[in-house]
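Please go over the structures that come below.
You will see two complexes here that share chain A, one where it goes with chain B and one where it goes with chain C.
== the complex of A and B ==
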């Protein structure tokens, strides 16, 4: 071992054990979060609150998966909602037409999503920036039009009606509200943990490098196209999971799930919470849903209120809430040390 | 799918003329909206996501002016001038703050205004569908061209859009202002160093873009129903137009808009339920084969 290699080994070792430490910390946080969420029904019988958490799970999975693309890889997808819709529709259709157990439908939907995302992604990720955004938007609208026009299969503009059957499996009965709630929380936490692992893995750092300097990443021997395609498919899988939670919650699937506004909402959630931290989109999800619920209760003109709030974030803070807090905290610590 | 209807129409001259004119007016209205979008992008490098709102305001301004004065010309003027002023204020007060910021930030500001403007229209004019009605000057016998029916108002619409296309094309390439605008698009720092107020140019271009969308809305008011949110589908379609034609290209916007108009009018015969899907399919094909659009230049 040369002196140089020995030096490198010395610096690498603590980094690796540090990464392991971080991983245990993440798992611990996830377990605590799940315990807190899952014990919520013991303290409150408010159906509205539990419903709110279920909706947060669906949107949170979806928005965080978009952050893998926007925040970590710099791929601004305007059509990410297509996978949310695809997940909801595939799951609903499989359950309605085939009557298989829920886990089977779940896995099958993920497989379908992976396949579709691989095909669409292979076409899209070659394009850069605004063109990538446009072509993903076009694919989303293509899927939306297909759902609308293939009425005999998808129910057209009425959506998938008649309810999605929810047979019990392994003692879990998703027709039961509490069971559904705990299952949604579990999916949310598992999904977030998995995405966190992806983001903190060497692959996650490769994505950051591609975002910051794709040409340099390519010089270093990274297959940029393949890395982008991989994260595109991975993000699609989690968006599809979000769609499935939504389909289970509303017991149906509607064309709006695949409409481009759902992608717009996810982008908005990301901006609201902030894209530079992992949990930013989750904070954004809670903020947007809270905002939507309270504003619609008080005024019928919720567009004006929501618009003004967005303007406050875009022109006032100029960043997401968690970004703002993180920077404020870092700044405070810096000046504190300087003193 | 109804391919027989499409084949039947293609073999009848009457149907061919009717469908082509309806395709042309869809295309020309789209062109007026899209050319503003493409101009704003070309000069300001901003994707104006709230452009559809200007189309909507143009239509509502025109309707109100027509109801107050009864003059069609004044209605058109109100639609165009009102949205031009709106565009100027919007650009100077809000958009100018997010130049150079993240694209998502610009988008967010526009998205906020889409929400606000739609509700403002709902507050002022009410949420229900409105109709301006065809001005009496155009309530005459339609023309018959090769057996096809062509209302005279359609001819006016196509004519106005063509005049706008020619004036814009010549104005930008020949006139002094046009040259300054193109220079500002290319190198704003140098232009302002030469003593030209680029802020004024940016505001002016935005006002011009807003005015064209407003004019399109005003022209569409007699033939379409007015509703809050009407700008939305137009916005999406004019996006497709600019993407197909190439962002920043006026000729591209014209060709793209006409292609899309024809796809819509003939597609509605052959694929009545999948007409929208056809447009997106077309957009995907163009983007994949030539990402910068048919007439777009490679952006460095």
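== the complex of A and C ==
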């Protein structure tokens, strides 16, 4: 080894072990978070609190998956909720009509979602910003009206009624509230961990490059269209997972799950929590659901309150809550180093 | 060797590139000059796939690349830097380099490993050192000075280990001293990396000083090609472009 090479090895070694360390750190954080969430029922018997966490799981998976598109790739989808609805309906219908074990329905739903997302994505990801937003919205409306008009299959505006059968598998009985709670937490943590891995993989950095400067990325040999389509399908899978958690929770599926307002809520969540950090949407989810639950208790005009809150974040802070915290922290560290 | 054969491109009725044929031998350094609107950038865009030529060929070592997509052309070995630094504003210098090497090594779609991959490090490190960016590795690209952003843009092209490097006005927007530093860097890269370099430049002093070969474009056509001395004394060039100042200096 020459002196120069040796010097290079020295500067590179910490970076190398750093990447591996980050992975272990993420897994460790995930394990701790799961342990905390899963042990919650030992300390509280509040069904409302556990229900709140289950809803956070469903919405958190969904909103974080949207951030893969919006925050990491710069693809602002206004129709991401279609995959939430698709997940809920596919899962519910498979369980009701075929009576297969839950894991089979879970995998089958993911396969259906991947297929539908690949077709819709192939059409949409070529489009630029506002057109992408509009066409994804159009597909959402298409799926929503299909659900409404195909009443014999989907139950129309009544939704999937009669409950979704939840047969026990591998000793897990999702009809049991605690089991359902722990399973939701597990899905949330696993989903977040998988999305974190995507965000921090070479592919995740390819997405950031495309977001910053797609033309330059293509001049580096990156197939921009293929990368966008891939992340569109991946994000759809996690949104679909969120939909399935929701379907399990309410034991049904309703047209509202596929309506455009559900996409709007995910965008709202991303604005609340911020898109510059991985956990921003998760923070936004908790904030929105808390707001929703408390505000609706006090006034029927909760839309006005939520509107004011979003205006505060959009116009006042010009960023989400976690963006704000991250910037404040970075600023503090910088000035600290300067001293 | 890069051979351009009868390359043509029109926008509406305007012939932006009109039957251009040129040879760029391996390891050559060529300057492309011409008045504004001469079709210099269009010429680069046609070679790199940003625009599709109406007709003609772009042969790199005998393979015709005309009309192919930018990623394909880059992978065949034609890299480029842009007039306005084209970089990834929210990535750090190091991330930018590592990401580019990943793209070149076809690992930019890898999902199951963490960024950056081990095998991307050496090359990224080399090019950062080569362009004097190693000390700024953790700076976000948007916070770099204008000159460093241009260097980063060139580094992006260079880290792909191209056979041919096209530089669209590497000194654009720079002060006189910075210009010379940049162009010395370009010349140094050309000498050390043994690649074919073609660059667009407006500053005649720079062009005449460092380019062994010059191509003059005017209204999409080749007005003249030759050594600095030949170009200085070419009457068509003097009339169309240089004016009498440089001709007088040469005389």
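Here is the rule we use: the second predicted complex is superposed on the first by the 324 of 339 C-alpha atoms of A that agree within 3 Å, B and C clash if a C-alpha of one lies under 4 Å from a C-alpha of the other, contacts with A are read in each partner's own complex, and residues count from 1 in each chain.
The criterion applied here is as follows: a contact is a pair of C-beta atoms (placed from the backbone, for glycine too) under 8 Å apart; a residue touches a chain by one contact, two chains touch by 3 or more.
Not measured: the values here are computed from a predicted model.
In the superposed pair of complexes, A:221 makes contact with chain C only, with no contact to chain B.
In the overlay built on the shared chain, the residue A:22 is in contact with chain C alone; chain B does not reach it. Once the two complexes are laid over each other on the shared chain, residue contacts for A:212 go to chain C alone; chain B is not touched. In the superposition on chain A, contact of A:127 is made with chain B only, not with chain C. Listing the residues of chain A that touch chain B in their complex gives 70, 76, 123, 127-131, 134-135, 137-139, 141-142, 145-146, 148-149, 151, 260, 264, 267-268, 270-271, 301-304, 306-308, 310-311, 313-315, 318.
Chain C meets chain A in the complex at residues 48, 50, 69-71, 74-75, 79-80, 82, 86-91, 95, 98-100, 102-104, 106-118, 121-122, 125, 156-157, 160. Across the complex, chain B meets chain A through its residues 47, 94, 97-98, 101, 103-105, 107-109, 111-116, 118-120, 122-123, 236, 239-240, 243, 247, 271, 273-274, 276-277, 280-281, 283-284, 287-288, 291-292.
Interface residues of chain A, counted against chain C in their complex, comprise 8, 11-12, 15-16, 19-20, 22-23, 197-198, 200-206, 208-209, 211-213, 215-223, 226-227, 230.
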